[in-house]
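Listed after this line are the structures, all set down as structure tokens.
Each of the two complexes below includes chain A, the first together with chain B, the second together with chain C.
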Partner chain A sequence: MKVTVKLFATLKELMPEGQNQMTVEVEDEATVDDLALQLDIPEEKDLIVKVNGRHGSRNTVLEAGDRVGIFPPVGGG
Partner chain B sequence: MKIYRVNMTEGKVSEEEVKEEYAALGGRGLTSQIIADEVDPNCNPIGEKNKLVIAPGLLSGTMAPSSGRLSVGTKSPLTEGIKESNAGGTAAQKLGKLQIKAIIIEGQPEEGQFYVLKVNKDGLALEDVSDDLMGQGNYEVMESIQGQLGEDVCVMSIGQAGEYKLQAASIAVSDPEGHPTRHCGRGGTGAVMGAKGIKAIVIDDDGAPGPYMDNRDEFIEAARDFTQSLLNHPVCGEGLPAYGTAVLINILNESGGLPTKNFRKGRFEGADKISGEEVADIIKERSGKNTHGCHPGCVMQCSQVYNDKDGDYLTAGFEYETIWGFGANAEVDDIDAIAQMDRICDDIGVDTIEMAVTIGVAMEAGVIEFGDPEGAIDLLKEIGKGTPLGRIIGNGAGFTGKAFGTDRVPVVKNQGIPAYDPRAVKGQGVTYATSTMGADHTAGYAVTSNILDIGGTVDPLSKEGQVDLSRDLQVATASVDSTGLCVFAAFAILDNDKALPQVVDMLNAQYGLELELGDVFDLGKSILKTERDFNKRAGFTNADDRLPKFFEEEAVPPHNVKFDITGEELDEVYGELD
Partner chain C sequence: MDFLERQKPMFTKQELDIISNSTVLIAGVGGLGTHQALELQRVGVNKIYLIDSDKIEMSNLNRQVLYGQEDIGKFKAPTAKESLDKFALGTEVTAIIEEISAETEIPEDVDLVLDALDNFASRYQLESLAAEYNLPLIHGGIDSWYGQVTTIVPDETPSLQEIVGGKKEDNEVIPAFSPVVSVIASLQVIEGLKIILGRENNLKNKLLLIDLNDYSINEIEL
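Take a look at the complex of A and B:
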């Protein structure tokens, strides 16, 4: 199945140059963690995950067509 | 330590011993207490009876990391309630080193008389500048004062907006380069300074005795530990220095909580073009600075220096809220135009958040179109010229909404709602509604657990847990605002149990106290109580602790959520305090 992925801040480097989002083919019932592995995001890295704009985590199970945003720890205010 | 009183009616300065009740207070705790003790809650904020209190945090001037935050307290011309407006810049550290606990400015000179207040190791003095400096913006004022007195002095000044006593007027505080990029922005403190006839305050710490210090060795140890706690936290030690606060554009946009088109939508199509990542790339390309501290000794350094297309300095301290407001909220995706608006606000001396909300309201009313950066720039420039239109805009979102007859005005207690949609980030909505300050994002920054997974996770779209979250954060923030620590230190404090005890250790070592952890929360509660009591005496009731109706009636996409936390539930925030 396909999901739409956006990587942000320091993880943005892992996206194809000049692109702000990408479509990624993942196994059915893949988790965010599986996706992260596929994208070469370091395993030990803390992540903030938003799936379809809702709170997610490495354990969130993905569905076809999901919009996944992945951030390293960021903050401000 | 001493407190100075400056009487502008008589043009006199006097020195006072610090009362025992004030000894353990600093920053917001002290400014709010003095305002509550000395100011009639029903006075006219720009009249003779209001006062302006300036206080460094308890730790300011020491080697405690990121501890140079300044509090300015007054009765707000914008909200008509109590106000503490917090700023970075170099003022607080210098006041701490001069062992000045607070400066209280009261009374009023004759109309049209303006002064510079000089602060140095020998005390305070007023100098008449009625024929000089007047009508100048903050950039010119700071340059001319530093040209005369040297680059090491700190300048706090008002621009034209403060001279006109507009309700969104700020007090600018110079950054380490002498630029007016740090502001006591919220609540119109600049109008009060203007009403007191003070154009600028110059703080020179040459020959200062250094900060009050009881036990230096213990202090240094605790400060070192706390520095490590900040540096080890991924946001404080890595995220903030690399991207500044504008990194939030994308995460709020993803979360559907980035207010767009005067709070109609939670996502902005142009978000990528105004994101922190984009800003960081541009800064690098133009040889600006991506990592910059608003004062020396900040280890988180969330500030940055932004150059224009020619590589010349344009602005600094280019914050998420500013970019959100002149960007997404106005449907503007031109980051250079937004940077120009930031520069204009800093120069004229108006709060960027209030102005961003106001521009959204002006667009709503059809004064200019959404998506028109040139129109927005022109409107902001009107403020400096003092035209009737400029004075309307400079009085903020509520005033502008009334002037142009629109009821879609995102304010609480007449203060503009910042950067996080209260329907999609509900904890933030609770803070906006109930804060003693009016809509203030820093007063109880629930974005932490709602969006950033800091200090746990609370679903931002559900009402569950938001009241408790906001209350706990409001209490903790009131305490942090008293120490002089930057509110961003709270990220480490929320995630690391060792961090807060290190702050307590620093305070105990510096002042010879025996505070315990619980005292920190008691202090926060007592500050909120004092502030709330002032507001009550000024005529505020629970009915003022509410969001504008449209947040309850209109669902915001993409999540199509309304603000569904009831008035009764909101009243629980302070239920036990009252």
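Take a look at the complex of A and C:
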């Protein structure tokens, strides 16, 4: 199934150049964690996840057509 | 003439009284904390507590706006107090040289806590203290062009640890740039005032993610 993905802030460099969103083919019942792995986002990184505008997590199970935004939490001050 | 004259039309008489009687604790007097303290003093709050155990270093001076070259090696909290006191605008400033820990005692007159720390481990400590004292906590964080802000209120919102994930951070040096720090610190002050005034359109149960590189702002319902 296909989902639409946007990566933000420091993760943006993992997006294809010149694009601000991408369509990604994932397995049925894939989680955000599976998607992150597919996108080469390090496993040990905390992520803030938005699925169809709502707060999700690495464990959120995706459905076809979902819009997924992934943000790295920023901790400097 | 009162120096607050130009902001008075924005608030009711009752709201102005709340602001001028409020006490805010700023946890961390680095980039976010120095900008927040300046703003809170200009807004005319009654009292600010500044807590930090660190001393000023050269690399702080690109964004920690209450310090100069001659302050290197001094403790941040009392030096920030000294800079603020020179403006003589009426806000009482109390400096506390202490690292935030489970033993930290929050003074009983505090109405609001601003997060101006620079790592999540200390922030989780701060949020449990704020919860213990039943105080709202305005979280902010930055990294290069990016920032995030949300409000944590015990029993009303998810905790910061729930929002962020709570994994252990790596100890990389985080790029920090004064104009970005200033935007996030100002948003925290605006949000903190809305919370003590009980105004709607606040960031309870909402996470604001700001990218000042491409000017995108994302809001996530929590």
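We take it that the second predicted complex is superposed on the first by the 73 of 77 C-alpha atoms of A that agree within 3 Å, B and C clash if a C-alpha of one lies under 4 Å from a C-alpha of the other, contacts with A are read in each partner's own complex, and residues count from 1 in each chain.
Everything below uses one rule, namely that a residue touches a chain if its C-beta (ideal position, glycine included) is under 8 Å from a C-beta of that chain, and two chains touch if they have at least 3 such contacts.
Note that the coordinates shown come from a computational prediction; the quantities given were computed from them, not determined experimentally.
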Inset, instruction - Go through the superposed model and pick first if A:54 touches only chain B, second if only chain C, both, or neither. - result: both
Inset, instruction - Could you tell me if A:44 is touching chain B, chain C, both of them or neither one (first, second, both, neither)? - result: second
Inset, instruction - Tell me which partner A:9 touches in the superposition: chain B (first), chain C (second), both or neither. - result: both
Legend entry - Touching partner for A:77 - first (chain B), second (chain C), both, neither: both
Inset, instruction - Using the superposition on chain A described above, determine whether A:69 touches chain B (first), chain C (second), both, or neither. - result: both
Inset, instruction - Return the residues of chain A at which the contacts from chain B and from chain C coincide. - result: 8-10, 46, 48, 50, 53-55, 69, 71-77
Inset, instruction - Over in the complex, which chain A residues touch chain C? Could you list them? - result: 8-10, 44-48, 50, 53-55, 57-58, 69, 71-77
Inset, instruction - Sort out for me which residues of chain B touch chain A in the complex. - result: 234-236, 238-240, 242-248, 250-251, 254-256, 272, 276-277, 302, 319-320, 441-442, 445, 447-448, 452-454, 457, 459-461, 487-488, 491, 558-559
Legend entry - Residue ranges of chain C in contact with chain A within the complex: 28, 30-33, 115-120, 123, 140-148, 163-170, 174-176, 181, 207, 209, 211, 216, 218, 220-222
Inset, instruction - Would you mind writing out the residues of chain A in touch with chain B in their complex? - result: 6, 8-10, 12, 20, 46, 48, 50, 53-55, 69, 71-77
